[in-house]
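Look at the two complexes coming up: subunit A is in both, with subunit B in one and subunit C in the other.
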Partner chain A sequence: MKKVPADQGVLTLMTTSIVGESIPRIDGMPKITGNARYVADLSLPGMLHAAVLRSPHPHALLTRIDATEARKVPGAKAVLTGPDVLEIEGISPFYGPAFRDQPILAVERVRHVGECVAAVAADTREAADKALSLVEVEYEPQPAVHDVLDAIRPEAPLVHEKLEPAKTFADLAHLKGGQSNINYHFKLRRGDAEQALAEAAMVFSDDYVSPPASHAHLEPHGVMAEWDANGKLTVWTSTQSPSLVRNDLSNIYNVPLNQVRVIVPYLGGAYGAKLYDKLEPITTLLARVTKKPVRWILNREEVFVTSSKHGAVCRMQTGVSKDGTINARKVAVYYDTGAFAEIGPRIAYKTGFTGAGPYQIDNVWIDSYCVYTHKTPAGPFRGFGVPQVAFAYESHMDKVAHYLGRDPVELRLEYAYDEGDFFASGTRLHSLGHKESLEKCAEVIGWEPGPRKPPSPPPARGKRRGKGCALALKAVLTPSTSGSIVEMGSDGSVNVLTSTVEMGQGSDTILCQIASEEMGVSFDKVSIVRPDTDVTPYDTLTAGSRSTFHMGRAVQLATDDLKRQFIEIASDAMEVSEEQLEYREGEVRVRGMPDRRMTQEEVFAHKFKGAKGTTLVGQGVFQTSVAPTDKETGQSENMTAYWFGGASAAEVEVDCETGTVKVLNFAGGADVGKAIHPAHCDQQILGAAITTLGLTLFETMRFEEGQLTNQSFLEYILPAFGDVPRGLTSHILETPHRDGPYGAKGVGETGTMATIPAITAAIFDAVGIWIHEIPITPESVLRALRGDNGNGGTP
Partner chain B sequence: MLSDLGEEAAPIAGGTAVLILMKSGLYAPNHLINLKALGGLSEIAFDPKEGLRLGALATHREVELHPAVAGRYPVLSSTYARVANVRVRNSATVGGNLAHGDFRIDPPAPLIALNARIRLHGTGGERDLPLEDFFTGFYATAKAEGEIVTAVTMPPPTDGLKGIYLKYVGNAAADWPTLGTAVMLRMDNGTCGDLRVVLTSVAETPVKVSGLEDLAVGRELSEERIEAVADAAAAQTQPIEDHRGSAWYKREMVKVHVRRGIEALLETA
Partner chain C sequence: MRTVELTVNGERETLEIHDQALLLDVLREKLHLTGTKEGCSVGACGTCTVLIDGKPVSSCLTLAAQLRSDQEVTTVEGLSQEDRLDPVQEAFLENAAFQCAFCTPGMMLAVKAMLSENPNPSDEEVREYLLGNYCRCGAHPEILKAIRSAAAKKT
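The block that comes next holds the complex of A and B.
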């Protein structure tokens, strides 16, 4: 029995049996035995293999493209170029979730190295490659812009001269195109930050820089597509957003939704890189032109130019008044979205309004920009832009604490929001738990209370240790929608139909746990039906730490529907009014009369006159909504369905002679509302922390004049076991959310959010230097130790 | 076959380097000639008078685990044990590793410090040369067309000579090294009897630090003396600048690691 505190606005008594248990995951056995099928394991008779020719230039005009010789290659069944696509009747050649800025194949110009210029479908991959080598392309290189701050200058070359808003998502419906590389600008104004900064006794002002990085999911993107004789399209694809891909393909080909079927096998990791349309438009077009099934699997080098994390510059100003109060924060963050906006505007909007951090500060001014450059398109990346701004606002909390001679953890606890407070956006806060997470993480790494006293000047020899703690808050994507169908058979077995994509996070197991719990059937009688848009209902996407909350609720609504039907049938059979009946532990019972009951089997027998193999089906749709946002002030009464906090604490060792930083101990904490599967929650927190540790210390996509110079895992190095801290722990806190299933919220991104500033704070504690740019290379540390900071920021 | 086919053919042993080049499209030979078909090139043999002979086809793992290598040349065992990972070491061969001429590999540092020679065989017969002369430039070696590496040899160890290899990986644990530093030191009654320093992964070819006979041999290794050796090593290094560091940074790392290597050996002396 778990009692939800009355001050959370709800009072319910819940008995849970399977919810809360770390049972073996149901996708575990297929995966460890090698039986799980991914897109690359699939094939169809007569299937062709696709390959594409990619631009070698960051920005160039396509002056001539000739595929005549390529088409003569034996086995090459179709060669398509941008002009070919324009000539195909009845299709829309441009797509994109925010703006229709992305051509299926480049038309007139290319905008990043790696943009698809021509595509081939051939009997073999070798024939496809041979044909590509014979496509003749002439480019006229144009001035390109590579740096996000250069791109916002008036004289910068425009990446897109005109923009057409896509209107796919309700939260992006207000987008407009403009004559600038800034495709979106979010503003938040609360109080008078400029006045407060002018009156402040001390103003900290620094730029915090994060580079583009690769998602590095193990399974490359892959798609197989086939059109049947009646013109119905079936697509097997490694996507996190099957409902959206279906809708977009329906738009591109101008066919009804029911003529597009999107099936998603297991995903071998995604982290945001497999959202929206990736390979689907080209693959389906090749299948349509050749009238054959076509499969396209990327190689690793292609993955690097398909999507990336947003590089960002976050300009942070924090004012401290004479009495030692943080009186203002002014933030300008510039997200480098690369050549195509993809979902960048939503990242700028959603992380823009959290840009001042989870702190009660009276005067806040935020500008958040999404900016085009001639680089790899950037998309969502676990954390969705929050780590880039949390790095800035948390570093300033440490600078302020040092300036005031205060304990950085205690300072955060003083300013951090409490239940019922209003966020800087004017939205009331509920179910936070972030303060407790921070305190727990600090305790675990052995935080010594009091102000930090780093050595001054920085030591020249030896190794020094230090500790740092940080906090961040994220708001879930809102509005969004999740639909589910729960089907029970006459033998009591249950199928759960959802479009939530299992990509390693454990959603299949968690959704089955919820159905098992609700229907009162044992877990082994519950099975998942994985995404297939012909049978699984609409779901906005699998991302942003939203599935447990949204799809979990949708499954509960579907089981409620099913229980209602049981009661209706039992009412008829028992001649008792529906109001007198309840569904409990897999049976329909008459309230207050424990002997009068009907089992599931008896309900089925009554309804279907004893026929076996019959089914009952319940459905549920869960939707979240927002209140309007003021365009000038960013204020909204309701911006998000829930908030989730992440706390991190790190102990590092800095080698003062080489500048290397080793993370010795790390603790990650998150308030998950309710841990439906505690082991999955721990794995999410720690997996995200290890990923972010790599991003903090060494991962970066290195561009030289728009050319990516580390486009393979030989040169783009990921964290390995040698990098994992010896002490690595996660800490789950449960502050139930009034709308979540059993109070549950999301957890997937929590470990990413506060990890960068926890590590930089620990470096300050160890050797007294402030870090303003990631990755933290040994050379940058050594130069800072020798007094050459190179950043120009405040001390 | 190699001389007949010329540039169209590539010899292949473990394949850990050439297959990566082929996969990346940087190198596309029409023929691969499997050297593993050759007999007698994989032996590891130690003779008290002749010293150690590593057959070109011996794998890294075999060198790492060989008792004679571990007993007489422990620095070699520990260096081979730190190359890449065990899957690579089970495949990569001694000869292939050196013939590839990659500046980032570990073994040349201790091998050169141990006065190793490399043996080459071609249609013109056999020759051998000091290993440091084998590396002639960026991915370039003295191996002529049609020649293959057959063995690496080195003299028997001198009494009291101790060695260490410091692999400095500054970024991710799985990254290539920023610097490899091999130091061989023999102390005679408190003064330096022999000192050799070789640096890899930092310049286009391994750097065998010269002038140590004048700078260190016959002297006490005081803190200042060690600094002088470290400074000389840094001055003789022309670092490749890359994301692992600027020339300034890499020279600083040379100083740090030469000093740390000597200090570590003095502690065990």
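The block that comes next holds the complex of A and C.
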């Protein structure tokens, strides 16, 4: 387990030729021609189609299930139920990254509408549907808990009566389940917030509520699986985490890792919905039982019951002392993780840390909870829980600013952390960029410095405009690991082998840019070998804005290894010691004597005695680590490999008669450390902001007694071209990180983090109403304008 | 089951299909033209967009049996002629008007149809026309730029 010391981090190059350029994407031609293959485009001869029967109840005992009649349907090759799975030898039927709380097929009990109770593999989809319609199921509905605040009460029905920790990840190794729907509780204590709030001249106390939402990736989940005659399993899956899927399947089937191969085609979006195990357990089991390839592609309605964004209630209290100082923040955030924990505990932990915001506040008290309810399981959604708490902490910065008669931007700049400060958790901060991003976005949106005048009472008719700015900071998931192989052929062409998944963010392109830069070969000579766990090394996962940093460094380490081999071979050929040689611009040269050198071709020729088509292979593993966290105080000397900051500024127009809110102008900013591909960074900032606009203004999964009532794209509305602000700009800042490749950090989530509070601040500026719940529907705006729900006016 | 004759990307195809077979499924599974995608099954997302006689249509809501053999169906695979990309494809490529690109085939076909009706659309006209083509990655800014570029090239 080699840790890369901070001072040995980056092989900095004085000038870069391709890193920093917005070159054409390498996946451009396949995607533009319609040639790019996604999992639903793959098939195998003799392939069967899978389908599942789903629970119609949010919580029920599964008292009887009988597939006898279903099995008689012509074309149905296998029908499995939960009890059938339990009878299969050698299978571990429960899985999950934090707790093994999810059965492959429901056993004894169902815990959310949509939970799978039976699965069929058949020749055609029609035969599969027919078979499912003949599965006999009896349920005994049980009291269910739907609301996260109800779920934490001692008398609430339990979603899980006992829990088994999965022990897959170092940071969650300490989990244990108990007699409560709270499956995880993170605490952070600094100073004495209770005392400070008691002494405060003014305490703001509000609940900020975000509903569950759908990731709504346009490509539904899908998997194709086949077992070969040797008992080796191959899975083609739309996943962000091939290495984890391999590990989980290896656990489920109790087979060695090398007997499971996970291949990832292009993904049609994911945003966190396609992590850990989703369809793989059922599909692989059907393939095993039928001894045929099986493919399972979800329809859109099924996607809604497969994963979701954590709804959350964030109880925020902010104290302001007599002298106008923010003296305390007390936060209780309840993340609604639905029926299965998935990675919810990590969200409560890693995002809980940041719940008070990136501000120097002496007294901080945070309780961050991950809570079960009888709803669609929640999983990571771009932003990993940060948008839900940033909504709260940024909203309070605006309330405080208005109370004190100060400029909300200037107040944030005063309190926000600086380089070298210690975060509330005790970790020292390096490479932030949130303040500079805020300044830039405020400037672009035309922010007038100085205190805001309280808006005059809005008219009954007419439109009012307002502006708002917000910032946020996120800590990257740590610890994690990324491995890469870089292989060069004797003709100088290069393959970059990576388990990082291209899901639209452009990872294929930038990893090849890095290899091209490091090896001094032109970009058109570099190719990517996409995730295939038979050949691409372990990578924790593609999510959380981590891949540029971690996999980028892994590629650099792999190219370092390759360059060392070049030097070793050249040393032998030139009869010069290795210390006297350096790899520069694609050649090996004697230091200080540029005429004495060997080209790549000459090195290969020497090593392989002139044979053509030979290869040299370099490999590298990059890992990050954390210092332990105190269970009671949440303090840790090192909780994250890097921070990435973002800011958003919005100008809105509120129609006082209809309550409609339009975002006219938006500026998104982020500090990316180093923009390896500047256009990609812009696309990530704005792409994330556009999605978040949808979450702010109209997206919500409407549950009624655990049933979704808007389970289709006719009712669950996504941002469309008409919703994209006419004024839309992105602003990249580069504060190099000492450990990142060329100083790069992460960017994928930055546009999600401060966008909600920028919009709500702008609405206050326009019409004087504070928003405490999203989505901000016209109805909620009208109610607030009329004071119907007590939210009208200034505090 | 019935036999239908379809003209897809300039080729006449004779196929035996279920009466209720969707055009989307016939294109993907019988003709192996997998560039057209299924995103929502209710005609809201636009990933299944194909052109019928140059007009954009949700193939997830169209029965293959509805079509006559003289109606020209165009999918993304039919956009490029031999080795030459369609100008819309070139504009999308040059402007990186995609990320995951699941929306891209349908988007480019809708854009092509729009520009053939309205060669120089205003920004508002473009946004209105493309309301039925979602992009969850949020590549809208680049797509709008690609459209301006494609329109400019034609004029």
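Methods note: the second predicted complex is superposed on the first by the 774 of 795 C-alpha atoms of A that agree within 3 Å, B and C clash if a C-alpha of one lies under 4 Å from a C-alpha of the other, contacts with A are read in each partner's own complex, and residues count from 1 in each chain.
Assume a contact is a pair of C-beta atoms (placed from the backbone, for glycine too) under 8 Å apart; a residue touches a chain by one contact, two chains touch by 3 or more.
Since we're looking at a predicted model, the values are computed, not measured.
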item: Subunit A as common anchor, with subunit B and subunit C clashing or fitting; value: fit
item: First (subunit B), second (subunit C), both or neither touched by A:714; value: both
item: Contacts of A:268 with subunit B and subunit C, given as first, second, both or neither; value: second
item: A:726 touches, of subunit B and subunit C: first, second, both or neither?; value: second
item: Contacts of A:782 with subunit B and subunit C, given as first, second, both or neither; value: first
item: Arrangement angle, subunit B at one end, subunit C at the other, subunit A at the vertex (C-alpha, nearest 10°); value: 40
item: Chain touching more of subunit A, residue-wise (subunit B, subunit C); value: C
item: Where subunit B and subunit C come nearest after superposition, their Cα distance in Å; value: 5
item: Subunit A residues contacted in one complex by subunit B, in the other by subunit C; value: 712, 714, 718-722
item: Parts of subunit B lying in touch with subunit A, wherever the complex brings them together; value: 20, 24, 168, 170-175, 178, 243, 245-246, 249, 252-253, 256
item: Contact footprint of subunit C on subunit A as seen in their complex; value: 22, 24-25, 27-29, 31-38, 40-41, 216-220, 266-269, 271, 297, 299-300, 503-506, 679, 683, 686-691, 712-714, 718-722, 724, 726, 728
item: For the subunit A and subunit B complex, residues of the former touching the latter; value: 301, 657-660, 694, 697-700, 702, 710, 712, 714, 717-723, 775, 777-779, 782-783
item: Residues of subunit C touching subunit A in the complex; value: 28, 33-42, 44-45, 47, 75-77, 79-80, 85, 89, 92-94, 96, 98-105, 108, 123, 126-128, 130-142, 144
